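As written, the chains take the letters A, B, C, D and E, and residue 1 is the first residue of each chain.
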Amino acid sequence: MHLVLFFIFGGLCVAGALNLLFQRHPINSALSLIVVMSSLAVLYLLLGAEFLAAAQVIVYSGAIMVLFTFVIMLLNAGREERTHGSKAAYAIGIPGAAALFAALAYIFISNGSRMGMTTPGRSLITTTDLSRVLFRDLLLPFEVTSVLILVAILGAVALARREH
Amino acid sequence: MVPISYYLVLSAILFSIGVAAFLIKRNIITVFMSIELMLNAVNLTFVAFAHYFHQVSGQIFVFFVMVVAAAEAAVGLAIIIAVFRTRNTLNVDQVDLMKL
Amino acid sequence: MNSSLHLWLIPLIPFAGFLANGLAGRKLPKALVSAIALIATAIPFTQVAWLWFNFHAAPAPYFEHLGTWIQTGAFRAGFDLQLDQLSLVMLLVVTGVGFLIHIYSVGYMAHEEGYWRFFAYLNLFMFFMLTLVLAENFLLMFVGWEGVGLASYLLIGFYYLKNSAANAGKKAFIVNRIGDFGFLIAMFLLVARFGTLSFSGVFAVVAQHPEWQGGFLTAIALFLVLGATGKSAQIPLYIWLPDAMEGPTPVSALIHAATMVTAGVYMIARTHVIFNRSPLALSVVAIIGVATACFAATIGIVQTDIKRVLAYSTISQLGYMFLACGVASYASGMFHLVTHAFFKALLFLAAGSVIHALGGEQDMRVMGGLRRKLPVTFWTMTAAVFAISGLPPFAGFFSKDEILYQTFLAPNGGKVLWIVGLITAFLTSFYMFRLWYLTFFGESRYRNRSLPEHGAAVHASSTSTLVLEAEPEPHAHSHDTHESPWIMLFPLAILGILSLIGGWIGIPAALGGNNEIARFLDPVFGSSGTLQGSNQLALTLAAVSTLVALAGWLLAHLFYFARPALPARVSSQLRGVYTLLVNKYWIDEIYGALVVTPLLLVSRYVLKALIDAGLIDGATYGSAYAARGVGAIVQRVQSGNIRSYAGWLAVGAAVLLIFTYFGFTAHFH
Amino acid sequence: MNTVPQILRILPEVILTVVGVLIMLIEPVMPGRVSRKSLGWFAVVGLILALGASLYQYQLPAGTAFFGTVQTDAFSVFFHVLICGISLVCLLIALDATSAQTEGMGEFYALAIFGTVGMLFMTCAVELLLVFIGLEISSISTYILAGFRKRSAKGPESALKYFLLGSFATAFFLYGIALTFGATGSTRIGVISGTLASSATPMLAIAGLALIIIGIGFKVSAAPFQVWTPDVYEGAPSPVVALMSTAPKAAAFAVLLRILFGAFPVLHSHWVPVLWWLAVLSMFIGNLGALRQKNLKRMLAYSSIAHAGYLLVAFTALSPDGIAAASFYAVSYAAMNVGIFAVVSHAGGFDDRLGLIEDFGGLAYRSPLLGGSMAIFLISLIGIPFTGGFFGKFYVFTAAIHAGFIWLAILGLINSGIAAYYYLRVLATLYTRPGESSPVGHIPRATTPLLFALLLTVAATLILGIVPGRILAKANAAAHTYPAVSGNTRATTETAQR
Amino acid sequence: MLIGHILTLTIFVPTAGAIVVALLPRKGRIVQWWTLLVSIVTFALTLHFPAHFAYGQTGFQFVENCSWIANPAIRYHLGLDGLSMWLIVLTGFLSVVGVLASWSAIETRTKEFYFFFLLQQTAMIGIFAALDIFLYYCFWELSLIPMAILIAIFGRERGPRTALKFFLYTFIPSALFLVAILWLYAKTGTFDYVTMRQFLIANSALFTPNALFWAALAFLVAFAVKVPVFPLHGWLGDTISDAPTAMAMVVAGKLGLYSILRFNLGLFPAQAREFAPWMIALAVIGILYGACIALVQTDIKRLIAYAILSALSFCTLGIFCFSLSGLDGAVYQFINEGVSGAALLALAGFLYERYETYDMQRYGGLAARLPVLATLFVITCMSLIGLPLFNGFVGEFLILSGSFASHHGWVIAATVGVILAAAYMLCMIQRIFYGPESAMVAERPVARFSAREHILLWPMAVLMLAMGVLSPFWIRAIDQGVAGLADSATHTISYLEKR
């Protein structure tokens, strides 16, 4: 059951990712990315992280991707033209990416056995546990994040504001 | 009953596709998206391990990653706009004024 | 004999004179300059004369240690002076002749620019020459040895604005350096073997080891010979002396006839202890000597420049002295050295007076008939000519005869050497009388300054006045020939007398004398040196050489007095020989082609261009270029394209991940 | 828990945050025309306070706070001081370089301050999450600062390059953390090291380590992750380059030290060779790349790559000496590099009027002050004695040789020879006779902030070179917060080779 | 009355002077006068050492030894022995000479010039005085910078290029040199020369000869470049011909040779003897090579450069024969080289000031115009070609005679160099001073020999003579300085041993 779901949504992820890769128009890429994220959310559920799944849908598929589409529209970016600015990206980069994948895959598979299986349904981590950790053990990072967001806002303002 | 390693491999696949996309896509925004894809792949790993260790901190980490992603998105898109203003293009290949 | 003879004064007073004239002379009046110079030579002369009378009898050499010069570890060399019969004789010659020539120069150089410079240099020369003579160790002798070279360099180049003069000086110095190279190596050998350079020390050690024959002693001796050939203008290093005639005539007289050039002979005599142990070295000396003597004489017979004739005759006479040393008869060598000093100095001075009179003419072909115009010069010159030609009872006769006699008696190959010597004697008297006739007899051929094709050989002093532009020399354009002033004639007279009687100090037993000089020098050389044959033989040989000399005279008389047309015809008959001789066997050219040119070419094109500029600089800049080339490649990575950058990142990441994970740490562990 | 009030553990961060917020609040209410220099001075004051606070932290006993997420010890405080100092000087430089009517300086100062906060957290965090966030803060602020020359096309481009590639690398870093977490089940430095020490060779952790090194390698612009550096430096305003070529790097190196020696000491046999290669590559690529540069800032960018290489050499020593050397090198490099950018930014202004090296011809005569101090910094960069640069190299290579890495030392010092070539070219240019129309003629008079900046940097460079004793002692103290790695790499095959 | 810290004082007086120079105004000759004063004071201070040098006692004197940096253990350790003492005095002397020689040659940028000039003095004195290898290295490197900058500023045509060449030539080898130092430190745990030397002698067993070999080689190469030894002389020609006179005087010779003696022979006696055959060969090649190239040079300064190469190779020869007198001679010779070479360069500089060219072919017949200059020129050349009674002869003789016993062939070859030396020097003299006046000389009226030039050169001429006649006065100290480095057996094989 789980396995089937995993393969369905995992496949969906990969498909979406590949679609992002092959679509020429940014909007399509954006949409396919949303697909990826949503199906990831499902996988989170399978891994027993409901809250995260929700957050994933809301924050990612919702907020962030909306922002993306918004900017795409704003700059009304058309189909990307196939310029050939970079040989290295193909000659070096793609093999690099492939090697990277190969290496990671090898590592995971070779160590996979020790990982064992997912145990569905077991011990759903409740929001309570989350908040306990988040606001107690990781209080400081949480607070510091506010600085991060400040910086982001400031930066966005500073950069996007028109010169006069 | 799904081996954790499956999730890991899946994340590896997504991550690598992200990398490949970064390399191949010409539109800056799409390139940026591929970064988001990579981050998502990482998130999957975190969640998988969190499940494995039955640990909260892993999931928390994902939260923070999301926040960071959001922040980056804001800034990144602002930068993209700035570039578009000066260059009037969104093609990465044409943003190579400085070289050698 | 009193405690201290203050030998150090002998060289140092001329040095003081040098300093005085050299530093202040420019501003001093000529009178004062000449006074200083003369006093600076007169004092040593008197001192030496005084020594002569007081030291005469003393058997043992006298030493004077003036302090350490160089000292490291076991090795020490000091400013040590030595006086023995040998150095005494030499001192007498140097100071005496030197003094006379100083006097002469006062007159001769009277009108020269840089008068003070001339006398400063002369005094400097005296200083070094006397150091050379008095030195008690090789090193100090070397000081004098190189010092006189310097002085001669400066004096030859006295008219330095004339390229030929400057070149001659340079040539002299460099060729001498080649000789000095030999001297240096000899000293290194001595240091390595004996750990000392003092004569007494070395000789004592050698004396303790009668078993040492040849071997490294030969090596030392031969290197010393190389030195001697340089200084005494023997084959193969004689080439500098003829050019040295570019210097003022008194210089030629003093340095290049009487004193400096004999230093080689003196040195061999001084180190006879070593030479005696090496028959090989001795025979080398003898052969070099006789060969040079004959060789130079042959060149001498065709020279037309009066001073050059004398130059070659000097070389030839020095050859005789070498011959003497070569047959281990150092005494006779020294004897000839003395007499030669007298008559050769005289010859030069007289020639100088002639040149002086002719306003700078040196070409004998345009002289002639000066007999009446320059009587004193003529008569003194005559004495000298007779002396050098070896006609009894003039000085040259006895000394040269003694040498030939000793050669004849010498064990190995003596006869051959003797014959060559005899031929040389004939040639000598021939070219000397040739000079004599051409200069003083016949009708005066003296019209204008110089023959067209002889534009090059213009008289030094007049040219110098042309260039140096003080007031032009008065008699440079007033062509009436006249006798020189008394101050120049006085030395001529003295030397004339000496060339007549000078030889009587060595009248051999056969002729009823008792070889004074040999006897006097015995303490130094030991009686071993001089061989004794029967009076009969001695007389015969003497007669023979006299006849040979007379024959030479007759031939010269025939050629240049009786039948003046003859020389031209003979030379046209013997065209080849004549050209060979006139061009001095092309020795200079040969040296140029064999040594100088290759050296320069190799230096310029191989060393400088190829190695230095090509390889060494090439390597330097090449590596720089290589680095920049790699830099260019590195820059190629910086294409400016984000995707390429990402590509590099990705591949880098992959490699690093794999590298770390699979840990290629074999190289480290 | 110890008795120290927790807030003191993060005092500098707090102070700076407050200052930054205040600047943010004041800026909008200031009328548009008014110069923002006052804000700059305010920021400077804030940094001075933070510096004081950091120095004060030396009084505190070492310990953690906030549930073991931050830790103040000799190490973190050392870098606190360093980073505060750097930002201080960089703000002075900015004050000097910007004119009254430069746009958006309010945000500029605020961002600089916040960025500093991020770096400070990086150095004192012992929780990888906090490290990550600190890293992001500093990165994002520097992304933006890099793009501050909005008028010229280069500004946004450099921002974009830095941003895209930066986030790209961050993803790797994050992945690394994820795998580490996967291997150890924690993101606390201490816990990680503990778990690793007990467990058998944890392959996941090794992979994680590799990915983390990639991420940090990018931040410190170590080859082969250096590609972004020259472009970004060229496009960014000089004061920003001064900042981001030193402070974030110092922080990143601190993180690397913290992670390698704090979390992964047991895996040293895996990471030492990697760092060996990173070091060698960085040195060669940096120096060779700089040889042909005509643009001064690009040249300095390459040189900064090379210096990252020198610094990485120290890591291989695996000893407190190594850590001390690295820390010391960070300081000396900061001093000379900030200093040289102070001169560059004054000469070239906020938006690089003087780009090329020959533009600086005759600077030493136009202004002996600028020329002289620039000469000192260059000499220090070459690594001539009696300057910080020399002692930095000296300690680094001493450490390497003690660890037996003779070849690393030889290669490194050969590199310093190559480097001398291009530094010296600049030095010579400073002293060549200026042409009539040479741009140095238009260089403005030195302002007060510049004088302060130069005073500080020159003094630092010389003090580090002549009497480095105190600072070195601090560095050693910092180093000893880590247990010495059981360095069985001492007897490497290298020494065997010799 | 021994002033405490006299060495420190001597080293840092020039630095202080330099700082003042930086603050002085640019008008008039204030800077010159001040620098002159400083250098005279420095010279006076250096004279303190021979005055109070205790001849009997071995080891170092005037020692100052305190900790500079605790960890790694670096000490501020200064001291003199017979070897370094005269070199310091020479440096002091040459600093005065340098100022006078640059007096009118350097008209522009005087502040820069004299600032770096004084810095250079500090560096050089420091090199000779330092007994802590690290400290030594610091001074060694420091000495490069002022030199390079001055060449770059005042170089004739390709100033900057030459500066680069010079710098890299010295800097890259000294990088390896630094590696060797660090390696030694890693092994011995000390930078202190004395301690390290004792350590190396005491337990040489700890080291594989191979390792020591490479370390010694690193030292040697760094020094050989500085000397320079034959194939490593690529920088010399350009540097001498481009550097301002005062710098050209000190750029070659004594630093490198001193270092070879102090460190290669001092720390690695065995390895030094391994290198000896090669070094001797290179030295002899250098002698002849330099002489031959000098023979065909037409640029005065380049000629001098190669003459220096030739002359310094004699020193190398003397050093690597390890005979006492060879070593004495070598040291004496490079002191001579310092004096006479400096004088010759100064004279060349004066010619340049008058005629703005170093091209010999444009000169000729100058002796009539500038007799004093000509005289001094000849004297200097005579000293350089080793005429007896001049300093050069003593050095050459000791070197050659000392080396002869062990290396006949090489020494004979080297002695040929003596002939060539005469050749190129006399050629130069003739081209410049003799022969008919050249057009340039004829038409250009020039200043007479000025008082300053007299003051500068006559003392040097006298010194050349004095050093040629009273050599024991100097060699006494040198002898004791190098005695420890020589082979125990004296170089003289007495006749008794022969049998």
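The rule we apply is simple: a contact is a pair of C-beta atoms (placed from the backbone, for glycine too) under 8 Å apart; a residue touches a chain by one contact, two chains touch by 3 or more.
Keep in mind that this is a model prediction, so the values were computed, not measured.
A.B. asks: Quick check on the contact graph: shortest path length from subunit C to subunit E, in steps?
C.D. replies: Minimal hop count between subunit C and subunit E: 1.
A.B. asks: Identify the chains in contact with subunit A as well as subunit B, in label order.
C.D. replies: Looking at subunit B and subunit A together, the chains touching each of them are C, D.
A.B. asks: Touching both subunit A and subunit E, which chains are there?
C.D. replies: C, D
A.B. asks: Relative to the centroid of every protein C-alpha atom displayed, which chain's own C-alpha centroid is closest?
C.D. replies: Going by the distance between chain centres and the overall C-alpha centre, it is E.
A.B. asks: For subunit C, which other chain has the most distant CA centre?
C.D. replies: Of all chains, A has its centre farthest from that of subunit C.
A.B. asks: Have a look at B-D versus B-C and report the one with more C-beta pairs in contact.
C.D. replies: Looking at contacts between chains, B-D has the larger number.
A.B. asks: Between subunit A and subunit C, what distance separates the C-alpha centroids? Give it in angstrom.
C.D. replies: Those two chain centres are 102 Å apart.
A.B. asks: Can you compute the centre-to-centre distance for subunit D and subunit E, using the mean CA position of each chain? Integer Å is fine.
C.D. replies: 43
A.B. asks: Where the centres are mean C-alpha positions, what is the separation of subunit A from subunit D, in Å?
C.D. replies: Each chain's C-alpha centroid was found; their separation is 31 Å.
A.B. asks: List the centre-to-centre spacing of subunit C and subunit D in whole Å, with centres computed as mean CA coordinates.
C.D. replies: Measuring from centre to centre gives 78 Å for this pair.
A.B. asks: Hunt down the residues of subunit B that sit against at least two other chains at once, touch-wise.
C.D. replies: Touching at least two other chains: 8, 15, 18-19, 22-24, 31-32, 48, 52, 57, 60, 64, 68, 71-72, 75, 78-80, 82, 92-93, 95-100.
A.B. asks: What residues in subunit C touch two or more of the other chains?
C.D. replies: Those would be 635, 637-644, 646-648, 650-653, 655, 657, 661.
A.B. asks: Among all residues of subunit A, which ones touch two or more of the remaining chains?
C.D. replies: 85-86, 89-90, 93-94, 96-97, 100, 103-104, 107, 111, 137-138, 141, 145, 148, 151-152, 155, 159 - these are the residues of subunit A that touch more than one other chain.
A.B. asks: Could you list each pair of chains that touch one another?
C.D. replies: A-B, A-C, A-D, B-C, B-D, C-D, C-E, D-E
A.B. asks: For a test of understanding, state which residues of subunit A touch subunit C in their complex under the given definition.
C.D. replies: For this pair, the touching residues of subunit A are 85-97, 99-100, 103-104, 107.
A.B. asks: Can you list the residues on subunit B that touch subunit A in the complex?
C.D. replies: Those in contact with subunit A are residues 1-10, 12-21, 23-27, 29-30, 32-34, 36-37, 40, 43-44, 47-48, 50-52, 54, 56-57, 59-60, 62-64, 66-75, 77-82, 84, 90-94, 96.
A.B. asks: For the complex, give me every residue of subunit D touching subunit B.
C.D. replies: 129, 132-133, 136, 140, 143-144, 147, 150, 152-161, 163-164, 167-168, 171, 174-175, 177-179, 181-182, 185-187, 230-231, 234-235, 298
A.B. asks: Going by the contact rule set out above, which residues of subunit D touch subunit A in the complex?
C.D. replies: Spelled out, the residues of subunit D in touch with subunit A are 10, 17, 20-21, 24, 66-67, 69-70, 103-104, 107-108, 110-111, 114-115, 117-118, 121, 127, 129-130, 133-134, 136-137, 140-141, 143-144, 147-148, 150-151, 156, 159, 203-204, 207.
A.B. asks: Which of the residues in subunit A end up touching subunit B in this complex?
C.D. replies: 1-3, 6, 10, 13-14, 17-18, 20-21, 26, 29-30, 33, 36-37, 40, 43-44, 46-49, 51-52, 55-56, 59-60, 63-64, 67-68, 71-72, 74-75, 77, 80-86, 89-90, 93-94, 96-98, 100-101, 104-105, 108-109, 111-113, 115-118, 120, 122-123, 125, 129-130, 132-134, 137-138, 141, 145, 148-149, 151-153, 155-156, 159-160
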